[in-house]
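For reference, chains read A, B and C in written order, and residue numbers begin at 1 within each chain.
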Amino acid sequence: MTGFFEFARIYLPTLVEGTIVTLEMWAWCMLGGTILGLLLGLCRVYGNKPIFVLSSGYIELFRGTPMLAQILFVYFGLPEIGVLLTPVVAASIALGMNTAAYQAEYFRGAIQSIETGQVEAARSLGMTQIQAISNIVLPQALRRVIPQWSNEPILLLKYSSIAFVIGVPELMARAQMIGYSTFRFFDAFLLAALIYLILTNILAQCLHTLEKRVSVLPKSK
Amino acid sequence: MSLLRVDDVYKAYGDLLVLKGVSFQMEKGDIKVIIGPSGTGKSTLLRCLNGLTSPDKGKIWIDGIEVTDPKTNINKIRPDIGFVFQNFNLFAHLTALDNVCIGLVKVKGMKKSEARVLAMEELRRVGLGEKAGAYPAEMSGGQQQRVSIARALAMNPKLILFDEPTSALDPELIGEVLKVMIDLAKGGMTMLVVSHEIGFCRAVADEILFLDEGKIIEKGHPSDLLANPSYQRTKEFLNKIIKLYGEERDKA
Amino acid sequence: MIYQTLLKEFPYLLKGVLVALELLIAFMSLGFVIGIVLSVTEVYGNRWSSMLAVMIERFFRGVPAVVLLFLFYYGLSDIYNVSSFTAATLALGFRTAAYQSQIFKGAIQAVGSGQMEAARAIGMSKFQAIWSIIFPQALRFGIGPWSNEFASELKDTSLAYTIGVVELLRRAKYIVSYTYGNALIVYGFCAILYLILVLSGNSILYRIESKLQMPGFEMRRERG
């Protein structure tokens, strides 16, 4: 019966392969999710009635239902209307749409916290609403959102582990496979747990540094 | 053709009728001050002039173009109308210099390098050349307001609207802003100011408009109106502000 | 045809909802108790105990829920034969304890050290001060974030699916497999069920929060 460290040495490479898949998936989801989330946030603040209702509905739906249900729906449900997706793509779409809904709320809060007086001043100079939003509101809102928003990348990294349910060969799935072949489930998952811990801590540290660097700008009165 | 023409403007907020038929005109070079009790729609009137608010009834023309016409592209007129806010509304994430530049670059399409030169001129004009690299949070209220005036000036406006420019300032900072405004007035700028700074009125105003309960009750040259107001309400109001704010400050 | 199946299976699915709610109550209570212990230890404990509390909390917040579920399931099975339900309760319980301890810690700190000082100054013991002064105020600061956590955990009960707990989603899967299809409708329906649960839960908690309001402790919670 090999010790834990020997076990780790043998199976770490497999887990690292899985980690790479996890990180790839995570990166795509963050990219798509943040862009979509920002758009949704803008829709909620500046959109007319129908846009507001649609974006609010989307957000309520994705925040009110479990991530697991969303993944199962996208992977197993969509084929029934002709949309066939590979596990990775299905997981990425579901995760991306989910994180967008949460991020939308953070962005909305940050945008609304910018005093309307600044927008009025911008408009008074002759800027269009779009110019005012992109030159005055967004640069400040994107800085203000960082503390709250930085929860999202970490959360997404952890929830990416659910993708193993539909067969994505990410970290969790590899740990399970090792478990099935060695019957040392606990060791395999413990190893996976440690990898996640390291990843989330590195990520948290990076985000913390980002927050520090961005808040160099003095906040307005 | 007048530079500014306001014709029978009405504005209500819900049930409250704030402007009840206001009309007046301004020619190039005029300095007019609107005084009156708070809540009587002075700010609202000013905001109607550059389209931040729309009147319910009535028309407004700036240099022949009808501001109140929905077909008018308001963004084209606004650069010609400077607006100085009570709360300065400087762009918090930009330095003083960039605050003054941004209108030139984004609205007038100027090159950044040219804009900076012009912006520095305006900042120096208001006495803040050395604060070009400072952020709003690093400046006093008086400095912020002067930057906001520079920001308006940089656009080369035909007239400037001032919405209680000194009301949000600590007393010792009011003087520096009023000095800038007086210099502007003496330099020939057309200015419409909402304020209770009587000293400013005496120094440079051509006419004072007393706005009470949504109407212009009385208007006249400072020397006439302040010494001999025709209406009782005007008299009461003037007494009140002189009591509250002391005799008008001495401006150099 | 699909709708007939749904109608027939509705009671079966509803049992799944009940299982999920049972699980939720079980692990949320466990988490609440452990969470309070962790937070009080972190804030008021000595150097070693608070460090231990922090480490526990970091572990359970940094490791994904499904990994924890499997760890507890397989880990405990080595020692003792546990049902998936128990393993899920423990795994999710410790995890929510870590999150709740953060909420409680934040709430305690929002109360401010001045309150504790004043309480000790009039002669209260540390325990009395915590119970009579800190706790009532912290409770009101904590309700908002706690409601968010509650909604989050309600949805996370679905994760117990992965270690075989026969809650709503697993039942849905069974229906989908033996009726050869209808995944869209069935999973969609489950999603709606969850949505209803989450919205009802939020509205109940919102009402409780309103009842507890006092001047100085206004609700700051964002809707939804």
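Here, a contact is a pair of C-beta atoms (placed from the backbone, for glycine too) under 8 Å apart; a residue touches a chain by one contact, two chains touch by 3 or more.
These numbers come from a predicted model, not from an experiment.
By number of C-beta pairs in contact, chains A-C lead all other pairings.
Ranked by how far their CA centres sit from the centre of subunit C, the chains are topped by B. Centrality by C-alpha centroid: the chain sitting nearest the overall protein C-alpha mean is A.
Here the spacing of subunit A and subunit C, counted between their Cα centres, is 21 Å. Averaging C-alpha coordinates per chain places the centre of subunit A 47 Å away from that of subunit B. One simple way to say how far apart two chains are is to compare their mean CA positions; for subunit B and subunit C this gives 56 Å.
Considering their complex, residues 59-61, 63-70, 72-73, 76-81, 105, 109, 158-162, 164-165, 172, 175-176, 179, 185-186, 189-190, 192-193, 196-197, 200-201 of subunit A touch subunit C.
Subunit A contributes residues 115, 117-118, 120-128, 131, 135-136, 139-140, 143, 217-221 to its touches with subunit B in the complex.
Touching subunit A in their complex are the following residues of subunit C: 58-59, 62-68, 70-71, 74-75, 78, 155-159, 161-162, 169, 172-173, 176, 181-185, 187-188, 190-191, 194-195, 198-199, 222, 224.
Those residues of subunit B that touch subunit A in the complex are listed here as 50, 52, 75-79, 81-83, 85, 87, 89-93, 102-103, 106-107, 135-138, 148, 151-152, 155.
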